[in-house]
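Two complexes are shown next, each including chain A; its partner changes from chain B in the first to chain C in the second.
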Partner chain A sequence: MKQIIRNTKAYYCVECGKCTGSCPVARGNEFFSPRLIVERALSGMKQDIEGDRELWACLTCEACSKKCPSTVKYSEFIRGMRKMAFDSGFTSRCSQGGLLHSIQRIHSIKDLVQDRLDWAKDLKTSKKGEVLYFTGCLPYFENLFSAFVSPIEIAKSTVKILNFAGIVPAILQNERCCGHDLLWTGDSETFQKLARLNTEMIKESGASRVVTSCPECLRTLKLDYADLLESTGIEIMHISELISSLMKNNGIKFNRSGIMTYHDPCRLGRHLGIYDAPRDVIKSMGELVEMGNHMAESSCCGVSAWATCESMSKQMQVNRLIEAKSTGSDTLITSCPKCLIHLKCAVHNQIPVEKEKVDIRIEDLAVAAGKALAGD
Partner chain B sequence: MTEFDPRIIAFCCNWCSYVGADLAGTSRLQYPHNVRIIRTMCSGQVFPSYILKALELGADGVMIAGCHIGDCHYVSGNKKAEERFRMLLGIMKTLGLDARRIRLEWISASEGVKFANTIKEFAREIKELGPRNGGKE
Partner chain C sequence: MQQVKRWLVIEMKSMLVIGGGIAGIQSALDLADRGFHVYLVEREPSIGGHMALLDKTFPTNDCSMCILAPKMNECNAHPDIDILSYSEVAGLSGEAGDFSARVMRRARYVNEDKCTGCGECRARCPSKVPNEYNSNLDTRKAIFLPYPQAVPRVMTIDKDHCIYLTKGKCGVCRKVCSAGAVDYEQEDTFVDLDVAAVIVSTGFELFDPSQMPEYGYGRYANVITAMQYERMICASGPTSGHLETSPAKQHPEKIAFIQCVGSRDMQHNPYCCSVCCMHAVKESILAKEHYDESQSYIFYTDLRATGKGFEEYTARAEKDYGVQYIRSRPGQITEDAGTKKLTVWYDDTVNRKVKGLEVDMAVLCTCLVPAKGGEKLAKILGIEIDESGFFENMDELTSPLDSKRSGIFIAGYCQSPKDIPESVAQGSGAAARAAEVGSA
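Presenting the complex of A and B:
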């Protein structure tokens, strides 16, 4: 625990409480306080933290890190604490009963031969190539959430855009989960297995550039695989970054229509600092109206790593949708499959407010861009 | 090399299938020892995550058994089970695991013979399929 405190500079904490003040979870959950967790860690209350069910309530959205005057790396601190708790036998209260975590653990079986490329039949893809498209868990999300959202459309649209720009991306038949969710819920052992399997496959594909449509994959590949991919010089980028650079170089154009607003996913925004690329793309598709909470101040979609989903998460989602609707836009764009699922899930179920207040179209950036391609 | 001895988990509902298994026992019907029965109140409470968890932890086959459609003690639990099972088949396909490793059966309290036969057939099928993931981790 001392090591974690040292690595994340938690000992700089001056107990000012700005983290708790800015925390979207602490606003609704009186038992959760980021400041108290740091304080308890500093006084060496290891068992107390491990057994605390609120340890898993943190969304690791880094809203607090942006405010912290002592620059404590809070999300990494929580990650370290969770690993410590996991190693002592405590686990998170997973949504979907841990179904997604089971899928991810099954992915760590070395000889697994998946059947996940059904969606790519009508598109141009290859086994090896300069550009690799890292699909992430989209085929599984399609299995699970097809009742109210179609996540696989994101993959289809991404490849469609790449094809349109003359790129035939490689896709991996046996791609594993990037391990993000397991890493953030403390299971770093399985994460290491997944990371090794994925990096081997990425290296074999001969790609010099990896494109993802999921900010979580992006963060994991970029930062958490860093030591495994470092020597290869492979460039990892989000689809919005690629589209934005294609717009500048190749003259890829979009048909303009409608008013849109943009929800920053935490992994893309606060974790990686990518704010402008998705906005450039949206501005070329239509008019962009910002919500009050945007960029580094962006609210959260309410669930992280499939670890917690409770009434408060729903409240956060509904609040975000009300905010989006009040901008007068007709579409809410996000660039994270999970944000999309969570926000759509909120309206799919019963909500505590009138339907008209949250009645806004929610779309993924890649899907919207795929539809708006000019000359298609 | 020893013969492959599959591990099968069977979730049996309290009102029909578990009693069916009980009847198979009291009637002294023989069926393979590979099956581990877990009693649940209803087949509708067996979440898809239970099945994947079992597979994750090394089960070679998983069965859900409940009352016949229309006979559910809680009116429609088995219909939920059926719907969930369909979703699970999709996940199994994407994962590349053989769909025959999971099974949904309706076994009533009087069908001890059916229970024994189902287990026999299932165990034989899993033996043919071999261990999940070829026995390697």
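Presenting the complex of A and C:
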């Protein structure tokens, strides 16, 4: 624990309370306070932290660490504390009854054979190539959440856009979960297995560029696979960055329609600092009206790593949708499959406000861009 | 030019003071009273610095301008002080006791000797510009006097916004000037001054809080800076002394003061600006004095009331003016898009509870950072600056006002964070140190 405190500079904490004052979870969950977890860690209360169910309530959204006056790396601190707790036998309360984490663990089996490319049969893809599209868990999400959302459309639209630009992307027959969720819920051993399996396949594909449509895959490949991919020089980018560069360099254009607002995913925004690329794309598709809380101040969709889904999550989603609706936009664009699922889930389920306050169309950036391609 | 002739016949030793805020003014007056001739160089059109923009001073609630204006005028009237306003130091050679300084006198397109400051030109000028002297709360004209008490009381043309100077049309100010003072042909000129010693007192500027998006400055109309608050509550300010919310133009009932905005923050400025605790206390007292129904909340990190009478002042604010102190750095300010009221989200670190406080106005007590151009000036003068941009002294304990170059002294905020009384004390101290060089 001392090592985690040192690595994340938690010992710099001056108890100013800015983290807890920034925390969207703490506003609804009186038992959760980022500052108090640091305080307990600094007091050496290891067992107390490990057994605390609120250790898993943090969304690692970085709303706090982005503004910490003492530059404590809070999300890394939480990640370290969770690993410590996991190693002592404690686990998060996984939403969906633990199903998603189970699938991710199954993915770490070396000889696993998947049937996951059915969605791509009408599109141009290959086994090897310059550009690799790292699909992520979209085929699995499609099966789990089809009652109210179709996540696989994100993959289809991404490849459609790539094809339109003359790119035939490689997709992996046996791609594994990137390991993001397990890494952020303390299971770093399984994460390492997944990371090694994926990096081997990525290297074999011959790709010099990997495109993701999921900001969590992007963050994981870019930052958490850094050791494994370091020497390869492979460029890893989000689909919004690729579309933005295709607009500039290949003259790709979109049909303009409507007013849109944009929800920054935590991983794409605060974690990686990618704010402009998705906005460039939206501005070429229509008018962009920002919500009060945008860019670094964007609020989280309420769930992270499938570790938490509670009344507070629903409240955050509802608040975000009310904010989006009040901009007068007809579409809320996001660029993360999980944000899409969580925000749509809120509308789909029973919520404590009238439906008309939150019934804004919610669409993924790649899907919206795929539909709006000019000359398609 | 008449003044140039006078510089040539000077026989007594001269001194150069760079920066005409309260510290520089004090240095200039002390030196001139000792019989030295002083060149007081000021970058802005008027001397006075930031003190001229404040409403009151802590901990006595004295009118800031009432204390400062007589000193400004004394500088102007003193036979041994030459104010070189709208000017910057461009070079320095020589050594202690025998420096030669080159000063660039920026063209103000108004003849200082002819202008009477009557304001007829300003009344007729069609070009409106955000008024930086009122923290951009209102507009000024392209030909302007920073504020009514400006010294020297002469107009200046802002060449970037003057229609004649940018487009070659208009010329109204020249037409209406009965003194014939407007001169569009004026150019920047350089003068060389022989001086025995130099005092640097270039002061500070304010940290831009839009770098901290969590507080919504620039996005939410009722989030303002403490300097904007000073201008609003000042009787000669843009709202004639009324605090007004936007867009309702009502007196704010609940006001939150957020301290340490950009200071004591390793992402911005690590140091304590040393004044925001006390000016927030002052400003919250003023709110209550203006509007009895007002309630102020001060969000502090540590209440640093270290000066003479400061502790008593903070206690009085709580007891007599009902100011509430809350120990927390707020994490975020959100706005209700309909009512424009703000919610300050904070961790009450005493009660360990997260709370949202609804207020009508939030005042950001921003950090004071060394004035722009310090690095360039340090190079010109051959002195050093530290990692925060303050001029380095020889030794913090034994020679705090001596720069690392003999004959050059530093005073006021540019030396280290401090308040007005300390700046004045350093202004006098630096003058005494400079006088020693001049008497050698």
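Simple rule for what comes next: the second predicted complex is superposed on the first by the 376 of 376 C-alpha atoms of A that agree within 3 Å, B and C clash if a C-alpha of one lies under 4 Å from a C-alpha of the other, contacts with A are read in each partner's own complex, and residues count from 1 in each chain.
Methods note: contacts are C-beta pairs under 8 Å (C-beta built on N, C-alpha and C of every residue); 3 or more make two chains touch, one makes a residue touch a chain.
What you are looking at is a predicted structure, and each value in this text was computed from that prediction instead of being measured.
After superposition onto chain A, partners chain B and chain C are found to sit side by side with no clash. Number of chain A residues touched is higher for C, counting chain B against chain C.
Once chain A of one complex is fitted onto chain A of the other, the partner contacts of A:297 are limited to chain C, with no touch recorded for chain B.
In the superposed pair of complexes, A:371 makes contact with neither chain B nor chain C. Of the two partner chains placed by superposition, only chain C is touched by A:35; chain B is not. Legend: residue contacts after superposition of the two complexes on their common chain; A:196 is shown touching neither chain B nor chain C.
Of the two partner chains placed around the shared chain by superposition, chain B is the only one that A:102 touches, whereas chain C remains out of contact.
In the superposition on chain A, A:140 makes contact with chain B only, while chain C stays out of contact range.
Once chain A of one complex is fitted onto chain A of the other, the partner contacts of A:326 are limited to chain C, with no touch recorded for chain B.
After the two structures are overlaid on chain A, the closest C-alpha atoms of chain B and chain C sit 36 Å apart. Shared contact residues of chain A, touching chain B in one structure and chain C in the other, are absent.
Against chain C, the residues of chain A that register as touching in their complex are 12, 14-23, 26-27, 30, 33, 35-36, 63-64, 67-71, 292-293, 295-297, 326.
Those residues of chain B that touch chain A in the shared complex are 47-50, 52-53, 55-56, 87, 90-91, 93-97, 133-134, 136-137. Within the complex, the chain C residues that touch chain A are 212-214, 216, 219-220, 260, 264-267, 301, 327-332, 334-335, 337, 345-349, 352-354, 356. Chain A meets chain B in the complex at residues 94, 96-99, 102-103, 105-106, 109-116, 139-140, 143-144.
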